[in-house]
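These are the structures, in structure tokens.
In what follows, chain A forms one complex with chain B and a second complex with chain C.
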Partner chain A sequence: MLEDKSNVKAWFYLGPALFLLSIFIFYPIFNALFLVFLRDYNYLQGTWEGFTLFENFFYVFRNQNFTQALTNTMIITFVSVPISVIIALLISVWLNSVLKLRGFFQTIFFLPYVTNAIAIGMAFAFLFNQNYGLINTMLGWVGLNPVNWVGLGATWGNAMFSLLIYVVWASLAFKIMVFLSGLQNIDKQYYDAARVDSTKRYRIFRRITVPLLSPMIFYITITSFIGAFKAYTQVIGMFGVRLGPPGNDKSLITIVALVYDALDRSGVPGALSEAAATAIVLFLITLVFTLINMQVSKNRVHYSGGGK
Partner chain B sequence: MEIRLENLTKVFTNKKTTDTLAVNQLDVTIPSGKLIGLLGPSGCGKSTTLYMISGLLKPSQGSIFFGDDDVTTVPPEERGIGLVFQNYALYPHMTVSQNIMFPLENLKVPKEEALERAQKIADLVGIGELMSRKPAQLSGGQQQRVAIARALVKEPRVLLLDEPLSNLDARLRIQTREEIRRIQRETGITTIFVTHDQEEAMSISDEIILMDFGVKQQMGAPQNVYDEPENLFAAKFLGTPPINLFDGKITAKKIKLGPAVIGTTQSAPNDIVIGIRPEGFVVEEEGPIVADVEFVETIGRDTTLIMIDPTDATKRFRAIVDSDYRIEAGHQVQLSVKPHKMYIFDHETGERL
Partner chain C sequence: MVLDSVVYGDEKQNRRKARIRFSLVLTMLIIFGLFVVIPFYWMMLTAFKTEAQVLTAPPILWLNPLNWQFSNFATAMDTAPFLRYMGNTVLVSSISTVGTIFTTVFAAFAFARLNFNGRDFLFMILISTMMIPGEIFVITNFLTVVELGWIQNQTYMNAILAMTLPFMTSIFYIFFLRQSFRQIPDELYYAAKVDGTTDLKYLFKIMVPIALPTIITITILNAMGTWNAYIWPRLVTQQQEFRLVSNGLRDAFSNIAGRILYNEQMAAALLVTFPLLVVFLLLKKYIIRGVSRSGIKG
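Here is the complex of A and B:
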């Protein structure tokens, strides 16, 4: 009797969340899994021409932008994630040792997290402006010519460089917050012990801080990889729906952008299935890299008190 | 290595509350090669003193000497001390062997020599076979030994232990304290350990330093401090069961406990506190103290009498006597006092008279 009662209560509490999740997460996932096997599904009429295993995936790979999207997504992921994790780690270790103005610095580093991505993107687009931007002004100070980062006809390389800086910066806030809370949970006695044993600072960082923080680093790395594979808003924020600098449209297209690209054509039979297939390709890529990540870090993550 | 503390003082400042005087003008000379117990109740400043010796805390005033070197301003990493923390502070991600070798790596000792030294010290403390385990796979007592091994491996000038036994269960505590005694004897290293447990300090220390409210109360060999307490605090803090205290008087050079005259003294007439160890009573027909027995416990050869304080019926006192006497609860007994088990203290200052 008692058990029944508590069960009812549990479902009651879970209800609202499950209801929303069902509508916006579970149904779309299963629907996508279903759509991907339909041939020439017509969204407007709700009709299709039988079933297929791979046809929709061929559409994805045959998309003229697929290679570019895959390349961009990979570059964004594999460049921005390691760099931002390392920078966030260094900043949080520094913040953790700062005594004065700590709250002030913490607020500054945390601001990007509570600021709209589009707004930050626009600010960055202006920073990289060829004529008025701060970056080119600073280059001028050291005698370098202004670079066309994101303006009309900017090269893919310049635009990608600007985008990466923005992506790294925007992703620091959350990482710093997680690392800082992790650092504050490390027992101060380890540092006292290390000091008594004449440990140099960089060795304390490498041999004590990093291993003791490794569960956090691992968590952040995995979630950042997953987040970076989904890169899209950052591109929109900086370059708008052209997905690239003017005159070089779609040069910064990503895999998620391909999904939206297909959805834009949803009136055309099969387009919706192509969008679903793209999403599943992205899911598989994410899954593979997450598994690799977990395998690689297996022996490098130390859960305190674990080991038994 | 002789350690000398001169006028050592530590004040903790705090914006919100008043400043705390944790250690107050401590003057102590710790002889070389001895095992010293720094003893006192919680908050008496004993750990603060230990951390000042280690260098992790800076003294507010005063100096610390290691031998002839003034190390007051020397940072902990250059003092050549080994420190065992209360919670051991073993690095959880390293094996026992890595933990022990860590200080040697910092000193750039070649790997093979480091391995050899780590193994030797691990054998000394009796954890030689556990080298590849992680701290979480060890029992409390084993972790404690790893911590001692890590502190000893770099051959420090001084070994400091902060409440080394407080995390162990009762049986392991007795075993480990003897182990600490043995390791200290074998290495001959000057060792200071902090404890609030008087029995622990008494059983293994060469000398104890008794502290209260940041002030040294008494220093000496444990038995000497027990036999000759210099003040009321020292008398009260040492001994299980604790010393019995009575309000008494000195009149005409006689020590009076209520109506009973239990000794003589040269001190001036005064209100005093009389302290008598439980083992300091003798049941005698002509004994001056007459007391009602409330309760009798006989354990083996000792009989403990719990009696009503003749000067204050709300208080009880305790005597341990030979079990030859057949005494029953509810009866009256007469007791005399062994003079060397009785101490008199000034009622106001607590100083021994």
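Here is the complex of A and C:
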């Protein structure tokens, strides 16, 4: 070996990154764990009234918007993730099967990846406008009455539906990119063999494509769950800081919104601890579902040999 | 027998089947393609309409380019200083990108190439923090920025520092770049060592050029991230004119009481979206490569 341990040099190379990470990542983790146990912490004066184990978590659960936020976050996650994963999988399989026009469609499907969430959220809000929006116009073509999706006094259900369409739309591009690159890495031999045996298309999809793509499906599912639990900017983009249609404020509030709500009250004693407690609750929810995900897919993910 | 019928028999029928399948797939791609494109189209269409055209029901679905109302963009610019916001965003994004590249290249080199005590342990700790939601950091980082004196009586310099310093490194990019560096054969390093090349020289003469596509990808992803940043800039900027595009866009069209002027709103949205689309179309290759690679566990 030409190499020997180069400890001093290594720390010199790591220095700049570790310095910043210590301040902005590691210290905040410990500080959040500290804040969450302080009673009535006032950061302006740096004072607090002793320690408490659960009080700040009680604040989170007793927050009048918590149930709504939890419900909305769960709905956004459990509706948008499966739907977008399936649609993305289908689109990438279709994309992979056409030679002509593939580049063109690829560009189209990747476009949403590079847009500004606020700008597109606003466009979606106007698409769903009751009188001048395209959605209601299209409903009119098939003889349906216009719906008040996002306007004054729109119901929670209608607003949530519109939001979900936007969330699915926005999350397709990344998934398609990952799936498509995965598909292009699948050894053509498998398909040739299946063709010789004249296997049915659907069977090929179920028995070859999905198993060979399973590491990517697994990765995408986990990261999408983690991302969807953090839903917030999409709501801001479509509904603004009111977090709901006019007249139905905060009806689309999410857990992350609760964190920033508390942070906005940072001057009030205890607010920062509440923010930390909310963020920790979010982390625990994410963690539980990630572990469940890993457990469920343990026996279903197929890692082909010779992996990098 | 089976083989025979596939290879020789019914070739005409197979070809017909393939053509039907192709048209079906194409139809589905067109339907979903429309689903993806319509919001963009709607944004552009509305951005060029007059107020009367916006308030026409049923809506006008096609606008002759000769009738486009360009003045919406000027009015949008009057509503809020979007050029200023874009300037801020470009500045913040350049500073944080340069910082990120600097810190991640060195750190990734240490993880990929150097041998030191606790390397794997440290790397594991870094990776495991990636699971923690950013909100946990944001709370304390906000306090840190207050402590640093960048919030009270904020100057432009303070605002820029508050928006960039916390984002001058990234565990994900360290990980990403390390993967790229590790693909460079060890023999190259040993050869360079024998020739007496220093590590620093080796890093910049050999590794960085080879990993350049990855570095370009990081640059683009990081810049796009800043263009999209909404939460942190909103939290730490104390004056309207220090804000970034997302904040400017959201604020400019939220505070107006009564009805919203959709054509101006969409014109502003288009102004914000357009640079990103141009960057995407020009640098598509790098973005796709980066994103799909990041999706594959190396």
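Here, the second predicted complex is superposed on the first by the 286 of 308 C-alpha atoms of A that agree within 3 Å, B and C clash if a C-alpha of one lies under 4 Å from a C-alpha of the other, contacts with A are read in each partner's own complex, and residues count from 1 in each chain.
Keep this in mind: a residue touches a chain if its C-beta (ideal position, glycine included) is under 8 Å from a C-beta of that chain, and two chains touch if they have at least 3 such contacts.
The structure presented is a predicted model; accordingly, all values stated were derived computationally and were not measured.
When the two complexes are overlaid on their common chain A, residue A:I23 makes contact with chain C while staying clear of chain B.
Contact with chain B, but none with chain C, is seen for A:I208 once the two complexes are overlaid on the shared chain. Of the two partner chains, neither chain B nor chain C is touched by A:F78.
In the superposed model, A:L180 lies in contact with chain C only, and not with chain B.
Of the two partner chains placed around the shared chain by superposition, chain B is the only one that A:H302 touches, whereas chain C remains out of contact.
Contacts of A:D197 after superposition: both chain B and chain C are touched.
In the superposition on chain A, A:Q189 makes contact with chain B only, while chain C stays out of contact range. In the superposition on chain A, A:A10 contacts chain C only, with no contact to chain B. Of the two partner chains placed by the overlay, neither chain B nor chain C lies in contact with A:F54. Of the two partners chain B and chain C, it is C that touches the larger number of chain A residues. Residues common to the contacts of chain A with chain B and with chain C across the two structures: 195-198, 308. Across the interface of their complex, chain A is touched by residues 54-56, 75-78, 81-83, 85, 87, 89, 91-94, 102-103, 105-107, 134-137, 150, 154 of chain B. Here chain A touches chain B in the complex through residues 187, 189-190, 192-200, 203, 207-208, 211-212, 214, 302, 304-308, going by the rule given at the top.
Across the interface of their complex, chain C is touched by residues 2-7, 9-11, 13-18, 20-21, 23-29, 31-32, 35, 43, 87, 90-91, 94-95, 97-98, 101, 105-120, 122-124, 126-127, 129, 131-134, 137, 140, 169, 172-174, 177-178, 180-182, 185, 195-198, 201, 215-216, 219-220, 226, 229-230, 232-233, 236-237, 240-242, 256, 259-260, 263, 266, 272, 275-276, 278-280, 282-283, 286-287, 290, 308 of chain A.
Across the complex, chain A is touched by residues 2-3, 5-6, 21-22, 25-26, 28-29, 32-33, 35-40, 42-43, 46, 54-59, 61, 102-104, 106-107, 109-110, 114-117, 119, 122, 126, 129, 131-144, 146, 165-166, 168-169, 171, 174, 190, 193-194, 199, 224, 227-228, 230-231, 235, 245-246, 249-250, 253-254, 262, 265-266, 268-270, 272-273, 276-277, 279-281, 284, 287-288, 291-293, 295-298 of chain C.
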